[in-house]
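Next come the structures, one after another.
Common to both upcoming complexes is chain A, partnered first by chain B, then by chain C.
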Partner chain A sequence: MDVSELVTRLGLIVIGGEKGLDREITGGYTSDLLSDVMGHARSGSVWITLQTHKNVMAIASLKELSAIVLVKGYQPEADMLVQSNIEGIPVLGTEEEAFEISGKIYKHLNG
Partner chain B sequence: MSSEKMHFEYRVEGGNFSEAGYPSSQVKKTLKQLNVEGNVIKRTVVALYEAEVNIVAHAYRGVIAVDIDTEKIIITLTDEGPGIADIKKAMEIGYSTATPEVREMGFGAGMGLSNMNTNADKLSITSEVGTGTIVEIMNYFHK
Partner chain C sequence: MKKFRADLHIHTVLSPCGDLGMSPDVIIARAKEMQLDIIGITDHNSTRQCRVVKELGEISGIFVLSGSEVTTKEEVHCLAFFETDKQLFDFQGFLDKHLPDIPNDVNRFGHQVAVDAENNISFTEERILTSALNKSIDQVEAEVHRLNGLFIPAHIDKTRFSVIGQLGFLPPDLKVDALEISPFCRQDEFLSRHPVLRNFTFVSGSDAHYPEQIGKRVTVFELRHPGFREIREAMHATGPWRTEIIN
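After this line comes the complex of A and B, so read on.
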């Protein structure tokens, strides 16, 4: 499944990084601890978090993650959004909490 | 390219989180250009990023020296900072002296040194309290 398909299926909002909507999603990782993601997320994963600063994009790029999903209506800080567009790694938004959206993403990836 | 040795240096400023990750991304690019195996690149990038962020989060300033030859990459991070009194304790997952502001950003889980340890073929840390810390990461390109 690519990012745009996930967006459609779950009604996510594309906040930035549109040119990366064709990136392939092979898994997911839910965490707000950056070193946890750095150490344990697999490349191709979508990262579900409430962190909204530029370092999120640095990690997403270094780890070759497919997209970021910001939960509970959180908005990226301006420099995170700029970096998302530069890297072409989509930042997606949802009003849902991490538990709910993670469960739905899991289901779509494994269903 | 194959017989060449490469050397790069980057400066890191304590507290400047917005630039964190730049040296790691440059090293990643270089290793890709050199056709280093993907898993080695991934490991190196994780170890370097954590070491880099530790200077930003815990020290005043530092220099990252990167040396690449045909067999390996050696990254030496030398910082001026408070140093680490008990390196063994600092290596434990969950141990962190990060400030509340740094923790709010999602740093300060106390996992960075552990990540460095699992992603470096050789990791050496020496530190002097009140002066600074030297971290050396070595990864081989072929096992």
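After this line comes the complex of A and C, so read on.
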């Protein structure tokens, strides 16, 4: 499944990084500790978090993640959004909490 | 130049996790006993116990750096220190404005009281001080520096509540005056794991929550006199002023 398909299926909002909407999603990782994500997320994963700092993009790029989903209606900091567009890694938004959206993404990836 | 012993990370009775024995008089007495010349008062998200400690410190010849251990939105702990009462007061306004309105549960988390020089309770903080401000680390850093303060990410070697734990690495454009390592962390060992940080100035303190912990970790400052501006010069290492952590 690519990012745009996940966006359509779950009604996510595309906040930034549109040019990466064709990136392939091969898994998911839910964590708000960036050091944990840096150590343990696998490439191709969509990352579910509430962190909105610019470092999120650096780690997503380093780990070759497919997209970031910000939960609970959180908005990225301005410099995170800039970086999302530069890197072409989509930042997606949802009003849902991490538990709910992670469950739905899991279902779609493994259903 | 002379060497001055500093413990820059001390909590007081005001921090919910701080022992009720951490009153200003006890802190100053213990600092004397441990031959400290400089202490930093760093309660969680509050500066309200600084003034009394500073006043007692002046009587006893201990220079008190007034500040706070701030929790940013990302749950990164950062030390902030200020030179003047006005700057400290303005920063307290920033903390009051951005601390979430979550009531403290005294039985679960502990008391959050400030006391006067005679240990009478002068203030009770109703909101839990250990929650995170609704401001990012960049915004807190900007506010601290707008008020001409010192901004020091705390215990950066820890896996939680540190900038490296929460944000993976030190954001390269964050303006820090120094970096703090936790009391049991060795600077050389830390730098061998994080060589990219070798050009920063490091400080360390006890992170004392109990009186007996005060002065258990010391940073030595080479200064003419203990004072805010010379301490900043030492952290920036632009002149003859120096800092060194002693184990």
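Here is the rule we go by: the second predicted complex is superposed on the first by the 111 of 111 C-alpha atoms of A that agree within 3 Å, B and C clash if a C-alpha of one lies under 4 Å from a C-alpha of the other, contacts with A are read in each partner's own complex, and residues count from 1 in each chain.
Here, contacts are C-beta pairs under 8 Å (C-beta built on N, C-alpha and C of every residue); 3 or more make two chains touch, one makes a residue touch a chain.
All values derive from a computational prediction rather than experimental measurement.
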item: Clash-or-fit label for the pair chain B, chain C on chain A; value: clash
item: Partner chain(s) touched by A:43 [first = chain B, second = chain C, both, neither]; value: first
item: More chain A residues in contact - chain B or chain C; value: B
item: Touched partner set for A:53, first chain B, second chain C, both or neither; value: both
item: Which of chain B and chain C A:65 touches, first, second, both or neither; value: neither
item: Which of chain B and chain C A:33 touches, first, second, both or neither; value: both
item: Among 45-53, 189-197 or 207-215 on chain C, the segment whose C-alpha atoms clash with chain B after superposition; value: 189-197
item: Shared chain A contacts, counted only where both chain B and chain C touch the same residue; value: 32-35, 38, 51, 53-55, 58-59, 79
item: Interfacial residue positions of chain B with respect to chain A in the complex; value: 17-18, 20-21, 24-25, 28, 42, 45-46, 49-50, 53, 105-107, 109-112, 114-115, 118-119
item: In the complex with chain C, residue positions of chain A that touch it; value: 32-35, 37-38, 51-55, 58-59, 77, 79
item: For the chain A and chain B complex, residues of the former touching the latter; value: 32-36, 38-39, 43, 49, 51, 53-55, 58-59, 61-63, 79
item: Of all residues in chain C, those that touch chain A in their complex; value: 73-74, 136-138, 159-160, 164-169, 171
